[in-house]
Amino acid sequence: MSLQFRARMPDRGFDVALDVAEGETLAVLGPNGAGKSTLLALLAGLLRPAEGRADLDGTVLFDVPPASRRGTVLPPHRRGVSLLAQEALLFPHLTALENVAFGPRSRRGGDRSADPHTLARTWLDEVDASGLAGRRPHELSGGQAQRIAVARALASEPRLLLLDEPMAALDAAVAPALRRTLRRVLAGRTAIIVTHDILDAFTLADRVVVMDGGRIVDSGPTRTVLDRPTSPFHAGLAGLNLLVGTVAASTPGGGEVDVELDVELGVELGVEAAGTRVRARADAPLEPGRPAAVAIRPSHITVTVTPPATDTTTTTTAATATATEPGHTVLEAHVLDLEQRGDVVRLRTEHLAADLTPGEAAALDLTEGQRVWCRFAQADALAYPR
Amino acid sequence: MHGRRAETARRGALLVAIAATAALLAGCAGGASGSPADPADAPGTATSPGTAAPDTSTLDGSVTVFAAASLKGTFTELATRFEAEHPGVDVELNFAGSSDLVTQITEGAPADVFASADEKNMTTLTDAGLIDPAAPVDFATNVLEIAVPPGNPAGITSFADLANPAAKVVVCAPQVPCGAATASVEQTTGVDIPAVSEESSVTDVLGKVTSGEADAGLVYVTDIAAAGDAVQGIAFPESANAVNTYPVAVVDHAGRLDGATAVARAFVDFVAGASGRAVLSPAGFGAP
Amino acid sequence: MSYRSLPRWLIVVAIVGAAFVVLPLAGMVLRVDWANFLPLITSESSLDALGLSLRTSLAATALCIVLGVPMALVLARTRFWGQKVLRSLVLLPLVLPPVVGGLALLSTFGRRGLLGQTFDAFGIQLAFSTTAVVLAQTFVALPFLVLSLEGALRTVGTRYEAVGATLGASPSTVLRRITLPLVLPALLSGAVLSFARALGEFGATLTFAGSLQGTTRTLPLEIYLQRETDPDAAVALSLVLVVVAIVVVAVAHQAGEASPLRRGRRLVPDAQDSADIRPVERRQS
């Protein structure tokens, strides 16, 4: 084990124990106030735990016995733990190159054989930013600055890299490029990434822990925890629509199933929707009669204010899922609210959430309580056992 | 004090108005050669102070006296006594450094009487035509004395002791009257004082001595008398080489009532006479 | 193009206010005896006073930096009991009449003062020395430096410092390579203001240090003394002081403008960044 961490902060209701293996990237998910930032601050040495112990590659980061004013707390600069925050926080008085060279220059008694500037250039190359070496932070865009910040964090050769929502402050258009860079540089590196964005966890992390109320409520390999959520809570974290029910029918090969939606699990689901059937794809055979869940991404849902044109005689009545065209399901719903989320507008209904472009949202001219029809392709709906 | 000043100004304006009317009347009736408002004519009637003064008991009006700061105690007392003698008279006092007063008067401040701490500043006003050169009367003298902190820690006993470099001696700068007097005593005695500081006022010299920063300071005997127990005075015979004389004179004004000039003259006489002596002597001032 | 909504009467009052400050200066300039201006300000005593003023003010400014930077850092970066009271006390010389400051210094560093007797035992005598002038100037100028620096430190915040620490920099390295460079403009403008305040110091010097040409008689004291005999020289020297003050204020203003944080607004839109930074590279090379 590379990192072993356990700490309590009773005044914040924080009580977490976690391990990170050598070379492993761990994603920490959870709502605001879940204690994710406290976790990072404790690891970086910016906060002193009330009690706990952390060990990184044999170095004790802190060791504070219960109800003791004493104990060892290593100052941040001796920990070998780098923190990459939402904002790049490049030192405004230094050029990009000098920013990256800051770590190597400041390291005490470390490897002095390499020239800090040479090292810095290597790391700028690594994040595809060699062309920005001479620029001052105010001459950089948000994405460029964050790229330099990544290089700066890596150049200090941390044993543990902490990333605090590194993509959160970036335009949606810029995030993918940085995400690709991070994916490359995080490979084989011990790191913890705190994020709201499920995509970060999917792309960057080997393992996921879910925090809520200062505690870890779930953990496991990324795919298991996020791709196939089994509770509305996890689905919410993963940003997925979750429909739960029972397998009603299955194609012989197991590639396609019909799931009859459940009444009891009506948290996400209007009661009217109970008893309706949703056709979804399954990548493993599902036996009829077994409990199952269906996950659909909000971006895969199309919304109309009139019933979709039907090419069959089937009428779409309330609480009826109908295959209006081959391979599609339509659910009638009512608008709960609309929320701007970055470049998309999140429409919430009593059972499904849909992501619209601002143009689409404006064209639909939706009001609260309005009747809408949500449509998704069965290829975009994934069924799995729960 | 502010209110009082304003009141004086208002009264002044009224007097000017009355004076103007009087002048007009005089011009009509007498057809005198010169206008009474002409300042050049005024000194002619004031050559010998006191001669033209009417019976003192009939004095009425106000007089504004500009006096050197070192006269504050004595002139306040003298003003009270003067007012007691002449119930109809109101004496306004303004104290400052003599050179400041000269600046104020040349800038047009309404002074009726100027009492200077030295002859030089008085000369400045007579040169400027604001005081008749014959008018100033010497009414007091002042000499230097050595001020030491109580107990005299440096053991100063004579003027020659001030030349001891081990003693911290503070004097007035040559630009101010007490400094000029100091320089003059140094010159005549051949004693060179290695002063650690040349202050711009007597107060600053006394401050350094009372606080114990300095072992000795050279100030006027009257300053030491006024300072009370805070300092000890040591008289020295060489001080006779620089006797400072205080002159007082009526300031000339355009368009002033004869009555006001009469009050001013009466005050000058009062200061320069026996009444003045009775107040000035106990404060350390010598007779001219 | 920006909307200005100032009522006309307010502008009129502002002009009256500006005239109130500017007219006395203009009045003084009109009084200057230009024919003798150069001889007046280049007399031996004037040059001595100007030289002494510049030397002592520079020394006081240096002392302000040495003492004020740690004070500002402690006030801005730590929390302790009585901190608010301490801050108020430290800023007191700003509002204290200078003579009171002089008396306070006298009762501390004077021969019979709190520390003066100890100094005396070691053979150090401050009274009537140039050092006393520097002390008096430092006393009144220090708050300017502490005030402007503490404000800047609070504005900058601790985020950059935390980043520096996680990159492996020790507290001293963080101070030297991050904190101080970030607040350098504020430090400069604070130092310039301190210098100006030291240059104008009069009351405390007069009360505490005395007045001797070349040793303790600074320019303000020289002006005060010249007034007694040579008002023209006093006015001429005053003008010199005014010019120095104007230069100092202008420099301080420039320094304040040059803050790296104020320049920190982004000039580059994010669109340029998205995946393609090639054109930028070309421009760089």
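Read from first to last, the chains carry the letters A, B and C; within each, the first residue is number 1.
Following the convention adopted for this analysis, a contact is a pair of C-beta atoms (placed from the backbone, for glycine too) under 8 Å apart; a residue touches a chain by one contact, two chains touch by 3 or more.
Everything numeric here is computed off the predicted structure, so don't read it as measured data.
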{"item": "Top chain pair, ranked by how many C-beta pairs fall in contact", "value": "A-C"}
{"item": "Chain whose Cα mean lies nearest the overall Cα mean", "value": "C"}
{"item": "Computed distance of Cα centres, chain C from chain B, in Å", "value": "42"}
{"item": "Separation of chain A from chain C, taking each centre as the mean of its C-alpha atoms, in whole Å", "value": "51"}
{"item": "Whole-Å gap separating chain A and chain B, where each centre is the average of the chain's CA atoms", "value": "90"}
{"item": "Touch list for chain A against partner chain C, complex", "value": "44-46, 75-77, 79-83, 85, 89, 91-94, 102-103, 106-108, 110, 128-144, 152-153, 156, 158, 162, 170-171, 173-174, 176-177"}
{"item": "Contacting residues of chain C [partner chain B, same complex]", "value": "106, 110-112, 127-128, 206-207, 209-213, 216-217, 221, 224-231"}
{"item": "Of chain B, residues touching chain C in the complex", "value": "97, 99, 103, 168, 170, 173, 175-176, 195-200, 204, 207-208, 211-214"}
{"item": "In the complex with chain A, residue positions of chain C that touch it", "value": "159-160, 162-171, 173-174, 177-178, 181-182, 184, 260-261, 263-275, 277-278, 280-282, 284-285"}
